[in-house]
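Consider the two complexes below, in which chain A is the common component and chain B and chain C are the respective partners.
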Partner chain A sequence: MGFFSKVFSNNRHKSARAANVRRTPPTEEKVAATLQENISYVHQALFHTEDLVNRSIPCFEKQAYLLYLNSVCDSDKIHQLILKPLLQAQDANPDRDLTAASVEKHTDLEKAIDLMIRGYAVLFLEGSEDCYAVQVNQINNRAVNEPANEKAIQGAHDGFIESMQVNLQLVRKQINSRNLVVRKYSLGKMTKTDATIVYLNDLANPELVEEIDRKITAIDADNVMNGLLVLEYIENQSFSPFPQILQSERPDRVAANLLEGRVALLMEGTPAALIMPVSFFTFYQSPDDYNSRSLAGSFIRLLRLFSFFIAIALPSYYIAVVSFHYEVIPMELFYQIKGSVEKIPYPPILEALFMELTIELLREAGMRLPAPIGQSIGIVGGLVIGDAVVRVGLVSYPMITVVALTAIASFVVPSHEMSYSVRLLRFPVMIAASLLGFLGICIGFALILIHLCKLESFGSPYFAPASPMRLRDWKDSFVRLPFWKLNERPIDPNPQQLVQEKRSKGGTGDDRG
Partner chain B sequence: MIAAKEKITAGQFMIVVIQAQIGVGILFLPSSVESVARNDAWISILLAGMAALLLSVVMWGLNRRFPTMTLFEFLPKLLGKFAGKIVQIFYGLAFILECSMVLVLFTDVVRDWIFPITPRWVILGLMLATALYMARENIRLIARFFVLTFGLIFVLILIAAYAYKDANILYILPINESGISNVLKGMLRSMNSLYGFEMILLCYPYVKGGSKGILKATLFACVFSTLVYSFMVFMCLIVFSPEELKIIPQPVLYMVKALSFTVIERADLYFLTIWTVVVITTVMAYLYMGAKAVASIFGKKKHAGAVPYVALLILCISLYPHDQELINKMQIIVGIIAAIALVVLPFLLLCISYLFRIKGKEGAEG
Partner chain C sequence: MRRRLAWIVIGSAILILCGCWDQQLLKNERNVSIGGFDQGIDGLLRATVSIRDIQVSESGANDSSEVHSVLARSTQHARELLNQEVSGGYSPVKIRVLLLGEEFVRNHDFLPYFDVYYRDPKSPLNAKVAVTKGKAEDLIRIRKIGNKTIGLHIDDLLKGMEQTTAIPRINIQTLHPLDRGYDFALPYLVNKGGMPSLNGIALFSGTKMTEILNTDESRLYLLLSDSMGRDLRMTLKSKKINASNSYDYVTIDVKKIQRKLKVKVSNKQDISVKLHLKLRVTVVEDPSNHLYDITVMNNLERILSEQLTDDSKMIVHKMQKAEHDGFGIARRLMSYHPKLWKQLDWIKEYPQIPFDIRVSLQIVNTGITQ
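The block that comes next holds the complex of A and B.
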């Protein structure tokens, strides 16, 4: 048993050997009066790391030293914010002359060291029990560009980047409300990554915020470097094929979801926000629906939802028809299909699996390669293999049509995770169809629907508003009615205020005269 | 007390009852009732619907006296520990047998129409496994699934209604040709398909709102199911001549088989596929009730643990009848047991409750 518990225990760091190695730093250490003592303490605490710089500053009566890690600090900023004002001053006084926006005075050395790691320069004075930490961290952000995987045709073209600060600013820019609250966390015992949850105080359900807070603070891992790691720690069911948290790189999408009473999680180093709780239909909404007119938006959205069914059911329907129920297609079409299927030595399920896996391979290969080669892979794969495979007699023409349609349909989903789950789900349904025809598809779909009904995302039903049924919320899930019709928010995140507008369409009716 | 997370609305409850009622009957009712009541079969169904209304009022009246308890919780109070347990076992048996009956009939149709050589246990196992996945949950989640699949019943009706183009309304004339006694016999036969309102005995405390709402929901459900059934029977009666109806076992399927919608042929296969979901919901409902019964027999509060065992038992029972004769015999036995459990016992229990003035605690609204 001991062996098994060792193999299956998910916390391998608990073993006794690892525990001995770890040095637990003291929680607090006062700044000592002598300068030398402080400097040597810092050096020891950082294990004499070689990017630690100590520079003496000659402008005080007493000796003074500036300590910083040159790998994370910007030397221009050190010059501008610390050295220049101090050296130019008549009798330098750090309380007055340090002009940086973020100057912190600390008496605790441990805290000062933690700040140094994050890009602060710390000034120590001989005989002083305070030290001054000045934020001079190096910032190299990329530009706020449109995210490559969430393009919108109309509307805003800005996207999140790897800096949480910038991302927060992008969200704030969308919602100028004093109710927008930011809560900070530091995740990962070793990585100490900054994370924030953002929500609207007067909308988001306090129980929801509390639950998310509980789940985030419960994370007890060494490494929580990016948001996608957090996602698995806080989602309800990791083994469900459906994603329960929406990732978005678009500030406008995040803002729209915050305004529905949802909560977003932003992390340093992750160019995406995690939005929770979400329902199945959130994954089928795209900013384009809201940026185009209502009829067009509704049409596109229905098309997307229809693509969900095509992507899962079409190959299995074809397999079921060819293997069991050839009677259900009209006679003329039947002869056509029969003509090409007859020459294939394999059962339809093998054909389908072969073709589906080929497409997945092509997709993966195209993604890994640089863009110009990726395109040629697409041509080689799509055209050459597609044609050759039929001539060789491995796969029939109708199957190619079906698989190609399925592949296109599975890429229609505006969210990558949902696209993955759709592509995964069609394999079991295909196998069920090859074993039991329509009955197999029916049972497969019943199981998927049952799962969707059972699934919850942070306490709110995942398949809302289809189940539990709330027709009022269909206005913004299956279709998108004009904004003046959307008087209430969706109920699934349980917002504090359900009504989002009263009669907003003024000037209709008899104002012509 | 029952947590708010497990409560359902009256509307959801109505659909739960409908889904429990409408099941295999859609295919079997027309021929089985027609064989006794001839062209007056539709009257039999309407009469059976009225009987169902009456019975559901009785059950509602019984459970209204114990508004915070389910049947299995108030049985010991009503009858004492020992007799209560026996009646509990009887109810458990009735639910399990009804569920098995549904599955036996379903497997029969599937083997007749789609997969003649597939072993029975494969079909039964798949159906039960699907039902098991849902029936483990509380009534609220089950109700959500039932609401989601409720629309499929309308699809069935639409497909069947398309057959109206082949109808000849004269086939049902003259009305009351077969005589009252045969109509009543037909009514007894169709009662089996309308069972499902016994859900009220197990769901009563879970439904939000007053007892009036629950009664209304049950009555609506009974009326709806009766109308659906009588529509199906009526369609069969006017599409097929009496001579044809004598020969064919599932007239509804033959009726839709002849339809052709340019894009798709053989609507009966689609009909069967959709009907499968409708049957699964019935199986789920009975599996849930059976598991509740078994759990309470063993003194457990949660029914989830009992579901797999009940499903296994149902599988064993439904594998037993392998020819038509045994199925007919089983149908009669299940009919009698169900009649005792759902007609006689509720009356008796209601009388006992009134005579000995046994009531549940007040407090929850009556």
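The block that comes next holds the complex of A and C.
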């Protein structure tokens, strides 16, 4: 048992090394009057790192030095924002002549050093007890392109990028409200990554915001570089197969969720927002539903929900039928299936596992390889293996059909995370079906449903509006009714205002809205 | 820790050890498509089955039929004996047709042999049942007709006949002995030079076969018992005199039937039955082609009505003689006159019941030629 306890324990208290490490929080250090003292302090604090540049500026009567890390600073900006105005001025005065948008005056050297790491240039003056930190960081943003994994056919084609600043701007652009609040955090004791939560002050439930705040501030890790790391720290149940936080790279999807009273978390370096709390059905909503008309949107959404059942149940149903209940197959189909199954040397569960794992392998291989080779892998997998495996007699034709249908159905889910969980869930159901037939499938689905009903995402029920049932919210979960029908927000994030519109359908003829 | 270990052991034991005890792999089973019961020697049952095998290859499917025949004490015993002959697991769950030899059903109560079908949850309750002239075994030994195996062939044959209302819709489930109060009739097949062919229906009294109706009679019988299939077509004489050529026949499609069956019990406890049938028909074939004239049409209606009434009377007479209560008159008596029913000797009483039969016919359509 020692093995399990070692693997699963958090060894926070046991590890000897953890106890020995002492982290001394940087104390305040006043800017000294002498320039040389300041410079050598900075050098020492950064351990004489070689990308630290100190440039003397000859424009002051007193001596002045500009310190910055040239790896994070933009030399053009230094020239434009610092050197040019200072050198051109008659009587240089940093308070007046530094024209950058962000100039901070500090008396604390430690603070100045922290800023230098983030791409500020710091100006020290001989005899002055202030230093000026000017933001001149280099910005390498890629274009605001449509995210590759959340494509929409109609509607907006912009997506988040790795810069939180730009992402926030994209969200603000969608919601021009003074109620949109941004709260900043700095995560990771070493990485000090910027993170923000965004919510609408008049909608999001204050208790929810407080809960998220508590969970984020509780993170006590050295390294929190990535939004997806935060996800694991703040989600309720990490071992649930279902994701409890929605990741999206689409500003319109984030904005729509904010307007339902949810909270989004953005992080520097992560081109996605984490939306919480969410329900199961949120993962089956796609921006395309809202960009097309309601009939089309409803049809597609029902199709997607149906695909959930296909992706989980179809292989297990086939296994159960072929190994337990073949009397349910209609007569002609029965003999067709029997004819092709007869020569298979092993039980259907092995056949199915073999084929399912092959498909997962193919998908993984196709994903890792560069696009041109990836395609050829697809062809090799799809045509060659699919055909050869039947001719050799390893897998039957019906099984190939079933597995292919299942794979397609699992791709339909608009969220990548949910697609993974669906793909994972079908394996236990398949095994249950191979052991107990239809009864096994029933037990499997019962367990999944029990889990879904029990699961919570930040205090709101995960399986809403199916359980707890609220028929009014079905309008935007199973189907999507026209917008003028959606008078109330979904209740699962517990928004402060439930009503989002009253009569919106104006005009004389039809004003039933 | 120890408890967790116990749970892991229990969990994996459930997963690994329980499996497959009731598994029934499709690939290992041999499926019977048609079965037959005949009278064997010494009161034993001669059971014959045809196992349909199929081989699917790229060029298509290839059927074959394997026939086994055993002499057994009961149906379940027959299954055991067959399993000893058949490679793989013997499985009767996909039987489409059960054939009963005529000699067997005339002399034997066949329902005891059906008992096993009502007990096994996997039973093919929707399998059709038919009586064959001669032995069922001979029909099954035909094995294949064209590309079709015999089971599939007879199944399709009966299905088609059901749709055109030549035979009643009967399967194993509808034969269940709990469904009392009427007598059933089964399709009657003959072997026509190596080709199974329908030759009317076999009437049963209780569980014994007593009489045969030919296909024309069976159609009218089914109309009278108000159990029309998808469509019903009859070719009748259009003149009262003996028909001599094809101008003297007319073919009608029955579109709608309205049947009134009344079982009357008088104060003296005399039972009488009133059976009125109203048909609305389409004329689909009338070579003499004079129907545009309303008098001709009315005349034809009258002739056909009389003809059908006469035929019906004859059929009912046959039924009474054969003690076959296909209209469920006994059931009406059971439910509406239970006191009378208890005193009644039904077998004796039934042939005596007077039937008042009237068939009226109305032509509603004569096709697209005016």
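Heads up, the rule we're going with is that the second predicted complex is superposed on the first by the 485 of 513 C-alpha atoms of A that agree within 3 Å, B and C clash if a C-alpha of one lies under 4 Å from a C-alpha of the other, contacts with A are read in each partner's own complex, and residues count from 1 in each chain.
As a working rule, a residue touches a chain if its C-beta (ideal position, glycine included) is under 8 Å from a C-beta of that chain, and two chains touch if they have at least 3 such contacts.
Note that this is a predicted model, so its numbers are computed, not measured.
By the touch criterion defined above, A:I431 reaches chain C but does not reach chain B.
Once the two complexes are overlaid on the shared chain, A:G339 sits against chain C while remaining clear of chain B. Legend: residue contacts after superposition of the two complexes on their common chain; A:Y397 is shown touching chain C, with no touch to chain B. In the superposed pair of complexes, A:P347 makes contact with chain C only, with no contact to chain B.
Of the two partner chains placed by superposition, A:V380 touches none, neither chain B nor chain C. Using the contact criterion defined above for the overlaid structures, shared-chain residue A:E327 touches chain B and also reaches chain C. The intersection of chain A residues touching chain B with those touching chain C, taken from the two complexes, comprises 324, 327, 331, 437.
Within the complex formed with chain A, the chain C residues making contact are 1-2, 4-5, 15, 18-20, 22-27, 29, 31, 52, 54-56, 61, 63, 93-94, 96, 122, 124, 155. For chain B in complex with chain A, the touching residues are 12, 110, 114-115, 118, 122-123, 126-127, 130, 133-134, 137, 141, 144-145, 147-149, 262-266, 269-270, 272-274, 276-277, 280. Interface residues of chain A, counted against chain C in their complex, comprise 1, 4-5, 321-324, 326-327, 331, 334-344, 347-348, 397, 431, 434-435, 437. By the touch criterion stated above, chain A contacts chain B in their complex at residues 324-325, 327-331, 436-439, 441-443, 446-447, 449-451, 453-454, 461, 463, 466-469.
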